[in-house]
Amino acid sequence: MPTEVKSLNEECGVFGVWGSPDAAQLTYFGLHALQHRGQEGAGITANDHGKLRTERGLGLLADVFRDPRRLEQLTGQAAVGHVRYATAGNHGLENIQPLSFNFSDSQFALAHNGNLTNAVTLRRNLEQNGAIFHASSDSEILMHLIRRSPAATLTEQVKDALRQIHGGFAYLLLTNDRLIAALDPNGLRPLVVGQLPTGGYVVCSETCALDTIGATFVQDVQPGELLTIDDNGLTIDHYTTDTQLAICSMEFIYFARPDSDIHGVNVHSARKRMGARLAAEQPVDADIVVGVPNSSLSAATGYAEASGLPYEMGLIKNQYSARTFIQPTQALREQGVRMKLSAVKGVVAGKRVVLIDDSIVRGTTSRRIVKLLKDAGAKSVHLRIASPPLRYPCFYGIDIQSTNELIAAQQTIDQMCTTFGADSLGFLSEQGVIDAVGLDTTEPYGGLCMAYFNGDYPTALYDYQAEYDAEIAQLQANHEGVIK
Amino acid sequence: MPTEVKSLNEECGVFGVWGSPDAAQLTYFGLHALQHRGQEGAGITANDHGKLRTERGLGLLADVFRDPRRLEQLTGQAAVGHVRYATAGNHGLENIQPLSFNFSDSQFALAHNGNLTNAVTLRRNLEQNGAIFHASSDSEILMHLIRRSPAATLTEQVKDALRQIHGGFAYLLLTNDRLIAALDPNGLRPLVVGQLPTGGYVVCSETCALDTIGATFVQDVQPGELLTIDDNGLTIDHYTTDTQLAICSMEFIYFARPDSDIHGVNVHSARKRMGARLAAEQPVDADIVVGVPNSSLSAATGYAEASGLPYEMGLIKNQYSARTFIQPTQALREQGVRMKLSAVKGVVAGKRVVLIDDSIVRGTTSRRIVKLLKDAGAKSVHLRIASPPLRYPCFYGIDIQSTNELIAAQQTIDQMCTTFGADSLGFLSEQGVIDAVGLDTTEPYGGLCMAYFNGDYPTALYDYQAEYDAEIAQLQANHEGVIK
Amino acid sequence: MPTEVKSLNEECGVFGVWGSPDAAQLTYFGLHALQHRGQEGAGITANDHGKLRTERGLGLLADVFRDPRRLEQLTGQAAVGHVRYATAGNHGLENIQPLSFNFSDSQFALAHNGNLTNAVTLRRNLEQNGAIFHASSDSEILMHLIRRSPAATLTEQVKDALRQIHGGFAYLLLTNDRLIAALDPNGLRPLVVGQLPTGGYVVCSETCALDTIGATFVQDVQPGELLTIDDNGLTIDHYTTDTQLAICSMEFIYFARPDSDIHGVNVHSARKRMGARLAAEQPVDADIVVGVPNSSLSAATGYAEASGLPYEMGLIKNQYSARTFIQPTQALREQGVRMKLSAVKGVVAGKRVVLIDDSIVRGTTSRRIVKLLKDAGAKSVHLRIASPPLRYPCFYGIDIQSTNELIAAQQTIDQMCTTFGADSLGFLSEQGVIDAVGLDTTEPYGGLCMAYFNGDYPTALYDYQAEYDAEIAQLQANHEGVIK
Amino acid sequence: MPTEVKSLNEECGVFGVWGSPDAAQLTYFGLHALQHRGQEGAGITANDHGKLRTERGLGLLADVFRDPRRLEQLTGQAAVGHVRYATAGNHGLENIQPLSFNFSDSQFALAHNGNLTNAVTLRRNLEQNGAIFHASSDSEILMHLIRRSPAATLTEQVKDALRQIHGGFAYLLLTNDRLIAALDPNGLRPLVVGQLPTGGYVVCSETCALDTIGATFVQDVQPGELLTIDDNGLTIDHYTTDTQLAICSMEFIYFARPDSDIHGVNVHSARKRMGARLAAEQPVDADIVVGVPNSSLSAATGYAEASGLPYEMGLIKNQYSARTFIQPTQALREQGVRMKLSAVKGVVAGKRVVLIDDSIVRGTTSRRIVKLLKDAGAKSVHLRIASPPLRYPCFYGIDIQSTNELIAAQQTIDQMCTTFGADSLGFLSEQGVIDAVGLDTTEPYGGLCMAYFNGDYPTALYDYQAEYDAEIAQLQANHEGVIK
């Protein structure tokens, strides 16, 4: 589960339901279970007998709906909702979803998780043909393409539009008479279908949201699928058959909630297996195993059990930190004032510690935590990362689009070890991730997108290609031997 | 760490500092680390060149100080702060501390953690002599006693007052020229002293607050001690020598933060030892060990390691639940809508689960969690509690003063097992707690107050005695064989 | 000045400035002076070296910018702002202005006061050509027309777009390098230009906003004009010469602030002259003159002075009412609980009262006030209205588009007098309004739009024509002799 | 009605009701009508079957009760409420009333308007006898005196307490079984009794609150009276017969709402008579009469009618100013940015203006308004004040206790005229005030306290005497001829 100590951010969670008198309430509780996928904004659109109404705002879901009347007035039998992580310079209200569209004879609400690789080109073409854009994000593009499609039916217009976009995307589109869901041809972002005990259907980012509202899992949405849910039930169709599963490996490593299942694999269990594999690949002679809370606890127990070392709570995270706006001044920080993470002296003092983290992005947190443990008396700190080095940017919806932010793109493992002040440093192998996840598939990389680790992107990069090539060339020039 | 799934609530955390230009800021960060001790109200009083100013309010610390100007205006070199858990019917603003007192020639701010056993008698006597009370809590009594003492100096007046009160208490009293701290003769509530890197002194409820602000641990305040901190430094005195250490065992079992040390014992480690001892006392033939998050995770890993069973994340707590005001309706709850705890199907399905909880109060949570696990497919659920049955009320500051709220006071272990729907149920022994904590003392019960478990209170009960006797007699009559 | 006792609502106030380092601050204070034109939402867009940033929200300006950081981050030398009255069913965040538009190479912010008569047709045409709409209001249409114009320059595109729209409108359009202002060919909505002491230019709805920020009046924007303000100063151009001044008479009667001047005529003075003329046209033998606060006070003093009767404060408005959300229950209302208006018993008891109101919309307020005065002991109440009966809807930006809401469209003056419980009732004549305003023009109706009173609209009604014809026909059938 | 442009502040409004199922709601609406008497804090205590519950907070009433649940939970058939103006350095939550007191067998809620002249002495005596004080205001003293009284009944204890205090005071005391009201022996503060249509009784500061809730006026509370309202109805008693009516003249001149009646005299009418008398005493050869909004409008119309000059709205006050927290910077103020008051150029340009203000305190506002009018083109500004020069402090509840703040205590009328930049300056005479109010009494000064104007205080000054004497002596030395 993401915490604020990691500078790696999912861009969204989506939730839609059709066929419940409590549609907006269920969407609220479903989004509550998906809050880890985005904390900067939230919104819900409800459909009451064909009329759409939206409430949205900046902040956590509970803040947006602090006044219960905002939720109560979202009556109706269908709804769609969204939690958003806003990237820098992009946090205006106009980017909070669901986006609303109002036409003379119809209304739409759109919720989107992902990122398009040909958005700049599409946008420029649309603008040249008179299209206007309110927000700076990609999400309006699909609506333009749908409305400009010459196809005869809405379904065909949506398919037509989806065939023009590339990248990673999971869309929910609520209209006056149906709920449409679509997933990109690589299934880069997770999306699942469930059924309510009372009969209606739910589509959402993770199974944890199904469990939270008491819905039964039906299936993972497959790459290239187009689902339509209306008063006649669920229809599963596809807009393309040119698909190849490549689900984001970081969902398993870091983003998804441990209790979610993705394509049949429980996330906690996959992380525990990563930890166990890491113990085999990167053993240490040490006294205790400590995980970085909260996201690395599964991997840490896996490492502990496989290595036979005791698992200890050597670090503790203040569970109230997310809410405070008052931060220590620089002077107080230098005196040692710390808000979020504390080392447990009574546990780590005098010990040789294996510190398990799920991944390393900028490396600033790693350096801080190693120091925290050593200040608390740890004899040595051996950092073990339950994923391979992150060396390449993501263009499918994760908030890192430049290798400048990735320490592993600029330093060798030895250099990083020195930077962190650790006594040793080891990463899990790519094959280790693939085996630990263990999807039942014959697709390349076991059905995972491993581009973060090896630069092998499952789609063409379109608008990003030139910039990407230049960046890699510069990295190879500046940091010899780091990027191949 | 307390969570909202347990109906057992500490009444307060206190923090005071003398001798730092950032006194109120340090108090804010210290209280932030003590937020688990009370979430219903918070306040800080600062002393700026002898002039006291207080800001306080209902809600979490971060809510009370949401407007940063409230904290910024608390200038000065000393401060005292408080986080409060408000008992039912007792949550007015007038009960939020620190309490302020303004006299013609002096000011006082009082922060109090604990409960007095002779408060009713003292209050009635004071009222008969013209005393007026603003709030309904005990905390004003001390100020009355101090002001009515005939002693010549403030120190002697405070000692005089302290000798008249009985029960569990940790007081911080900020005046125009000093900070006074006092602990009850049994040391029922935790209180520690630390020193800032810049020289000033800190007194607070737990060592985790010292670590958070970068202060060095000096000592646990001892039963019967009276500390005075002023511009001349720290003076340790005592108001009574008739003392006997009996620190609340529930601090080790449930309340305190795992990274705190109490009288030299790390709380996480004590809990892990309780889990290990529980494995020895109450073994199970099972597949996995699951702890109730977050408070039982230490004990659960202890049980897992001692038993050789794998420790799994079979339950997950939504980290955003504390903040939402919207709760599922009864109808939605019946359909399975759950806000806070989820069972991880992929982990528990088909498994024989040892479920570790730190303690059982009303039992409603236990029943709910057992059902959650079974609904998620657990083959069997063996509930193991890392403390003895809670059968007797607490009169020293914990929010349970009646056995009507304690299931173990009314049902045998077999009856409780049936109530919870568990496949088996076992508790840690009293000696198990004492050994696992392992305080370096020759005091009875290893220096712990075990009255919760055995009714052997370290002090006379005064105002509560008659009601207590009646309650026990009724329990013995109604539930034969439960209470001895 | 509008108050909540009248169900007649202006739709907006606009303010723009180019060429001040304090652009957003000035916009804030300017909008503050225009707050009477809309209380449901507010927003400001600032231009900092070509980059636009917007902050907007629901509620009063002071509520939207309660956190001063929201205003502080709107840095830059130009800004545009808007206060909005949201019509029923239309109060979503997406309708709060300025609207933002983001293109690959440019940004726009649009603030709009008014209403288009061919919006439905334009919208339908645009939709058929692929245009998408976020909000339900008219305001996006102009942006679509601009972007779809084949003209070569932005100025020509804007002119092209303006020539396609009909109705009443005052637009402010902030771009990366200029501020554009435009007024409809009849000048239905007020719009003025001013100059800052430091050199920059301001365009806004009323002169009171110029006075508030210390700007000098330059000119009223004339019908059909297009103004461009950039770093080279002010350029005055026009997009049509087919113009005829017909400024909304209700601006003089009710909407505008008394200290504003419109086309050279001070609003308070015009109202006072209306009151004086009313005294001549509709004299009463009475004891005192009382005005309905606050909007009718000017007319009431005019009536008093012309009639020689004393002007008395017989009604008082609670100045804090605007902010309270708690309203009396029906039971309490029946017991006489009143929040907003009180009659002053000591003033009106036993008196024959001339009650002056500026206009009558639904008539519910008039009935209530007459009752209030009689309950307070008034011997008789003679209601005099300082404008003619409102019998026809407005299609140019006032929130009454149906005659169903207008009592004077359904009852004769005698019937209304009975409905209100008044002892007599009289209205100012149309010529009385025209003479009292006294614009220096030879245009029909003295340059005023009098359609509200006589149905003589200065423009074709386009999309509204059919519905309007049907409505009038029905009125004539149902209420013989009321509408001619 | 007080506005923020005058630095003269009433300290409170009180409201109490016994015998209505909507007691707290009625108190809310009653306090809403008294909001002009204090805007810094508000609170309500309700009595539900003998159990008292209080909600209070900083800010306007509507802000304190923004969450409607705060009011809804104040159930019960009796209530008492308070709006407070907090003097400098005195604005903590602990000073917001009603104050709550909780005893073993009883509860009290106290609401207080006024100021005691022997508070310091009483407080010191009480402290020497062990009394503790939470707040810095006077209001706790009465509770101490009541509880320490040896009298046998609560009524006798209250009388005993009231006889020990001196100064100006109106108290409401809600207990478990009754509502008690008391007024000082000079009736310095207003207090009235009313009856609900449903039978219960109301006691409050002004009759406007009775009108707002539909209650019938019963009587003004008389000096020295003690009222008790309980389930048996209203009992009128007195605690002293040594009384002499001296009601605060500033209530008539400035504080009270124009629609209130005080001792049978309507406030608006009294002000209008002051204006008329001022016209006679201080005539001017001018073109128009302008009043400072809102408090001087009654006096201005009186002046206009008596002088035969037209009354004009030459100044306008922004009705939304009270709520904004953003103020112009000094630089913007110098450029002419003004938030609150605007001069109406179209009205005042080229005119000789008689400017009517009700009173002058510091004089800063007067100077600002004269300049505003001259900047707007007024040919001359003749300032006429509808009360005598304020030269002496108030010790009975008005927030000016030092002559340093009073310009008329330091400058002659000619000097003030120069300071203000006015063309002439004139004040109403003391006899003018007395005649214009015209109370039906033979008491000195027509039953008014005129000490503000002539230093003739109706009570001994006790604790303030020495300081007052020194201040007057210094004034006489420093400003010859100003103070006699």
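Just so it is clear, A, B, C and D label the chains in written order, and each chain counts residues from 1 on its own.
Simple rule for what comes next: contacts are C-beta pairs under 8 Å (C-beta built on N, C-alpha and C of every residue); 3 or more make two chains touch, one makes a residue touch a chain.
Small disclaimer: the values here were computed from a predicted structure and weren't measured.
Centroid to centroid, with C-alpha atoms defining each point, chain B and chain D lie 48 Å apart. Our note on geometry: chain C versus chain D, Cα centroid distance of 37 Å, whole angstroms.
Distance between chain centres (mean CA atoms), chain B to chain C: 60 Å.
In chain B, there is no position where the chain touches two or more neighbouring chains simultaneously. Taken as a contact graph, with one node per protein chain and an edge wherever two chains touch, the assembly forms a single closed ring in which every chain touches exactly two others. Looking at which chains touch one another, you get A-B, A-C, B-D, C-D. Put simply, chain B touches chain A in their complex at residues 1, 22, 25-26, 28-29, 32-33, 35-36, 60-63, 65-66, 68, 71, 196-198, 208, 211-215, 257-259, 261, 265-269, 272, 294, 297-298, 301, 305, 310-313, 316, 318-326, 328-329, 331-332, 335-339, 342-347. Within the complex formed with chain B, the residues of chain D that make contact are 53-54, 56-57, 92-94, 99-104, 120, 123-124, 127, 129-136, 140, 143-144, 147-148.
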